[in-house]
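Shared between the two complexes below is chain A, which has chain B as its partner in the first and chain C in the second.
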Partner chain A sequence: MSWLGLVWRSALRNRLRTALTTAGIALAVIAFLFLRTFIAAFYAGVENASADRLVVRNRIAITSPLPISYVDKIRGVRGVEELTWMSWFAGVYRDERSFFALFAVDPPSFYRVYPEFLLDEKERRAFFADQSGAVVGELLAERFGWRVGDRITLRGTIYPGDWELTIRGIYRGRDKATDRQQLHLHWKYVDERVDERQKNQVGIVVVRTAPGTGAQVAATIDRLFQSSLAETRTESERAFNLSFISMSAAIVSAVQVISMVVLGIILLVLGNTIAMGARERTSELAAMRAIGFRPRHLVGLIVGEGVLVAALGAGVGLALARPVLRFIADALESALGAFLGPFELSGRAAALAVAVCLVGGVLASALPAWRASRLVIVDALRRTE
Partner chain B sequence: MMLDDNPIDDGLAAEPLIRLRGVTKSYHRGRQEIPVLDDLDLDIPEGSFDALMGPSGSGKTTLLNLIAGIDRPTSGSVEVAGIELTTLSEGDLAAFRARHVGFIFQLYNLMPVLTAFQNVELPLLLTRLGRRERRRRVEIALRVVGLADRMDHYPRQLSGGQEQRVAIARAIVTDPTILVADEPTGDLDRQSAEEILRLLRLLNRRFEKTIVMVTHDPHAAAAASLVRRLDKGQLADQRADSR
Partner chain C sequence: MLGKILALAVGVLFGGALVGAVVGLAIAAVAVLALAATVAARRDWVPLVYNVRSLRVRRVTTAVTVVGLALVVLVFAVVLMLAGGIRATLRSTGDPLNAKILRKGSQTEMTSGLLPDQLRLVAALPEVATGSDGQALASAEVVVLIYAHREGAADDATGGGANVTVRGLGPRGMALHPPARLDGRLFRGGTSEIVIGRELVGKFAGARLGGTMRFARRDWQVVGVMDQAGSAFDSEVWGDVDQMLDAFQRRPSFSSITIRLRDRAAIPTLQARFEGDPQLNLLEIASERRYWEAQSEQLAKFVTFLGTFVAVVFAVGAVLGAMITMYAQVSARVREIGTLRAMGFRRRAVLVSFVVESVLLGLGAGAIGLGVASFAQLARFTTTNFQTFSEITFRFVMTPEVVAATLAFAAAMGFAGGLLPAVRAARMSIPRATHGG
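And now, the complex of A and B:
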């Protein structure tokens, strides 16, 4: 028998209790990973933002449009390599719960500025040629069972009326993190059908610049429209995405706090389990001290048990996390749709969960271990004899 | 004689292995001081088998604890195997116990999650012995107590007498200088108690182990070579066994 064997056998003294504690830790790890993944998915747009893309929007509010005439003016700014424009198309498919992101875009320039959306050449040509055509992300297509050629109807909210679209292509993502739940339709199709008040307007203009020139180009664009009817605010795509989700920052912060609280609670449970185990065998620990074990040996034994149970829980939690997260992600997709980015378990979150568990195992067993190390042998033996 | 049959140095036999001088021990209950041992002198020679008897509260277990190094006297000197215990730090006392003392408790104090073999091996984890040597020693100790065929049994699978024999194997596996036993037969039926006493006599006579045993039971005390009686913290008289 080795020291590790002794720790292992001691940890399994009360198998039901150890199993329940392990299950509790595993559950906490899964909850922690879910919440962390949720936050990561929330920030996916920020993390995946391109460094050389700028977003030009109306200075007043993100919901206020810009005149289409700005596009040509911006194109003339030095340092602008490519640009495209788009409008947020708030359409409803089936019902409000089936939410996903819809953008009215200028297809040729859009796919040049956003090379992460991969489209077959044949489908690209078909989409470009059909003004009432649409392209959808592969996850979105999978979600609704859409195939190329399908006709769908959207109910417009910003742009009222029923909008008939034919799916001309299904795009893939260049990277794992690319949002594959968007629908793209022709900006021109929308612009031609809306009333006069909404004509010739775009939501944002997206500019691709030469590396390292972003700040300068942004300043030039904003100067260009200073004192005009629609002043602009130009910022990096990352900053734009960040401001877009900042409205939900309080929720994200709360989720972050809850994720740590979940682990904190379970570590208290672990501490209680270890403390109960140590208290129940006071006489055994006293006998160990009597036959020559030193206080540090008992500390090692009890802390070892705590870390072992925590590690077991973390291991089980990690093993189950991926399928459980997949299941939750599927369920969430119907509720939140494309509001979230890719729901992928990150290695960093997994490492953080394991580290917190191991450190927690040490902390949770520190007090019982300290108590055991201060055991007065004679008193402890007398209590049981 | 050591368990692995190495000869013992006969020159040490004449010196008392355990020597107590002017030992007093008192406990405090609140502000009240309760004397347990009062200016006690005691010499126990190597190779003896002493029984400590006396009424409850006479101080016999306290005396045993002092000899074993798990308690400290209020004043006086406790010397075992030439080592003055009162001057040792907690760590050194633990090392002393690991090397020189084998404990036999009334309630055995075996670890229920370990097999008989693993329980006996437990004190050897504190040594630098390799796995093979540990196994050899454990097997010898279990053979001595007659449980070689029960080494894979857990305590719950053993009778009380067998559990106590495993505890004795654990006590002797490090080949300690002294064995201290606190009511070793107190929780056993007559037949099991007799087996344990026979085993202790064997360890004393054949393996020349010095044994100090606390007991209430005159029948158990009769197994010892010397019976010392304590009363109110002092040695009252002693009676040598005629056998």
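And now, the complex of A and C:
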């Protein structure tokens, strides 16, 4: 019988225990993958940020607007290749739980600065032409069953009242991490309907610069408005997105800590099981030594069993991970709205989980294997435990 | 589309299995209790000292199992404590007799905008209580989010700060939200003086009694630190409403009006009055307590969801671990079981004995987990509230309910882990058992 055959047989000795251990490890793998995917979704905005885009906002507070007149002034700054402006449109569709991102944009410049939103030419033209039109991401359209031509109503909170929009296009994401749950409407549509105090204001201005010139251009823009009524803070898009994540830093850290603890649990469960198995079979292991197996064979047997069970657990966990993750993500979304980035299981997280399991299998069986290799045959055979 | 269906199927399966397991466990618990009752009635239970000694003899395995269980109990308890802390913070914010008036349709003060005319009209309403000076107890408040830099962080460092709520209060504002304690004094109207909540102290540059905070291109002197009894106000900066309106270029629009009612039941009456009056129909009113509770809903739901998910995963893992251990215990003690049975103990006594043992393990782990969890009360959890966008600090609160729930959870895990192995122990036939299984 080959070594692998021996390992397989010994793992099947106590089928129930092996099954329970595999289940425990699979569960821990799924939990670990969920937590890591969760964190990745948080950081999706950061990972996805373009290196050549800057965000200009009011220095005072995230909630303060900039005057629209700034747009032309910024356009004149050297190094600014392309710019667009937008406002966060806080609104409710149907009910608060179906939250998604709404932006009032200037369509022509917006899609030039954000080439990752892919839109059909026909839909693009229709949107540009209809001031009460809207473009939605494909995931959003799928979620609510929207099609081009549908009319929807949003209840505005910052800009009060009911806003009727016609869906003129559905955009696709160029990259895997592109947010496909946004709704874009015309900034002009909003500006024309709000009262005096809210007119001619934008939330942020987004600038595209030549590669490598970002820091200089940012400094120039901020200097330009330094002593004016609305001082600006200009930073890279990545920094801007990071500042939002840092708000939830505590949650992200807690989740990271928990994912480490989950790994620890994998080790604990595995270690306990292997140790138990090895202890039970002391007399058999001693018998094997007596007939000529060397200590390293015993070590190989025990470690092999540990790695096998770990691999089984990892396999089952990976197989079930994707559907379970989708299910949980959908549940989260329907309860709280779409505030996370795309929830995609990354190959890296999966590889990490498998690696941890295999290494864990080795580590967990280390002590029992070492003990087995040091068996004094005579004493061990005598033990009746 | 297929992915979605598959996900739903797996989710339902898992969920169904979980629900089925819990229901099965509940039924089993009732059955075991019934058996235990008959065993007790006939006074032929296996002595407890047998269980205690057995656990002692197999110390290492017992210890590992208890540690694993205690870890799970710890996570469960801490999650409950945090959820309780969030609820406590936001439920305790506000006076039961206060009501908050916002612009209709805005869900939070951040997005609401009101005008001085509306304040005058509201202050004149008969339902509004008056203070000792005869003036209506109504305070116009402007609420703004600033980006405050952390103590020690450079001005342009990213992530070196957080959003903090600044609230400008009217002259009667302090009377409407009196702090439990105030170190220093109140800010004077017409000055750049501010009072900060105790949770901000030490977290941000200049946030201490006598310090200076800089925002909106002005320096503000911190003349007081208030203790608002663990409510949301403990994480806010308060100043004079006129100063804030000017500094943030918000004039004339402020965020909300807080009023003290003569009678709590007046809220529906006032809402009806608003709707009927063309000058007031852009307003909506809610009790201050309810307003703050609603502000935390998303965050509380989110934390509860995450916590529950983690607790369930850990619990299932712990039960599996306990099961593995108890099965091993049963196999190791096969001869003892045989002896017990040969001595005359009935199957049900053996079953009850093993169940009791694993429940004891669970309770022991529960006590340890609770003990460690109680230290969490010294910690604070600071995060950004998704709805108000500002940073808020919660405490971990251990109440008798948390203790009871945690111990019940621990006992349940012990029970779940030990049930099937105990059944196997009970079902062994005497000859097989004494022979060594």
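In the analysis below, the second predicted complex is superposed on the first by the 382 of 385 C-alpha atoms of A that agree within 3 Å, B and C clash if a C-alpha of one lies under 4 Å from a C-alpha of the other, contacts with A are read in each partner's own complex, and residues count from 1 in each chain.
Just so it is clear, a residue touches a chain if its C-beta (ideal position, glycine included) is under 8 Å from a C-beta of that chain, and two chains touch if they have at least 3 such contacts.
Predicted model only: the values in this text are computed from it and were never measured.
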item: Chain C versus chain B on the shared chain A, clash or fit after superposition; value: fit
item: First, second, both or neither for A:183, with chain B first and chain C second; value: neither
item: Chain B versus chain C as contact partner of A:242, first or second or both or neither; value: second
item: Which partner reaches more residues of chain A (counting touched residues only), chain B or chain C; value: C
item: A:1 touches, of chain B and chain C: first, second, both or neither?; value: first
item: Touching partner for A:155 - first (chain B), second (chain C), both, neither; value: second
item: Chain B versus chain C as contact partner of A:16, first or second or both or neither; value: second
item: Chain B versus chain C as contact partner of A:288, first or second or both or neither; value: first
item: First, second, both or neither for A:318, with chain B first and chain C second; value: neither
item: Inter-centroid angle chain B-chain A-chain C after superposition on A [Cα, multiple of 10°]; value: 90
item: Closest approach of chain C to chain B (Cα atoms, Å); value: 12
item: Chain A positions touched by chain B in one structure and by chain C in the second; value: 385
item: Contacting residues of chain A [partner chain B, same complex]; value: 1, 3, 5-6, 9-10, 12-13, 281, 283-284, 286-295, 297, 377-378, 381, 384-385
item: Chain C - residues contacting chain A, complex; value: 3-4, 6-11, 14, 61, 64-65, 67-68, 71, 75, 103-108, 110-111, 113, 144-147, 158-159, 162-163, 215-217, 248-249, 253, 282, 298, 301-303, 305-306, 309-310, 313-314, 316-317, 320-321, 323-325, 327-328, 331-332, 381-384, 386, 389, 391
item: Touching residues on chain B, where the partner in the complex is chain A; value: 65, 68, 70-71, 90-91, 94-95, 97-99, 101-103, 105-107, 109, 111-114, 118, 121-123, 125-126, 170-171, 182-183
item: Interfacial residue positions of chain A with respect to chain C in the complex; value: 16-17, 20-21, 23-24, 27-28, 30-31, 34, 60-64, 90, 92, 96, 155-158, 160-161, 197, 229-231, 235, 239, 242-243, 246-251, 255, 258, 261-262, 265, 268-269, 271-273, 275-276, 280, 320, 322-328, 330-332, 335-336, 339, 385
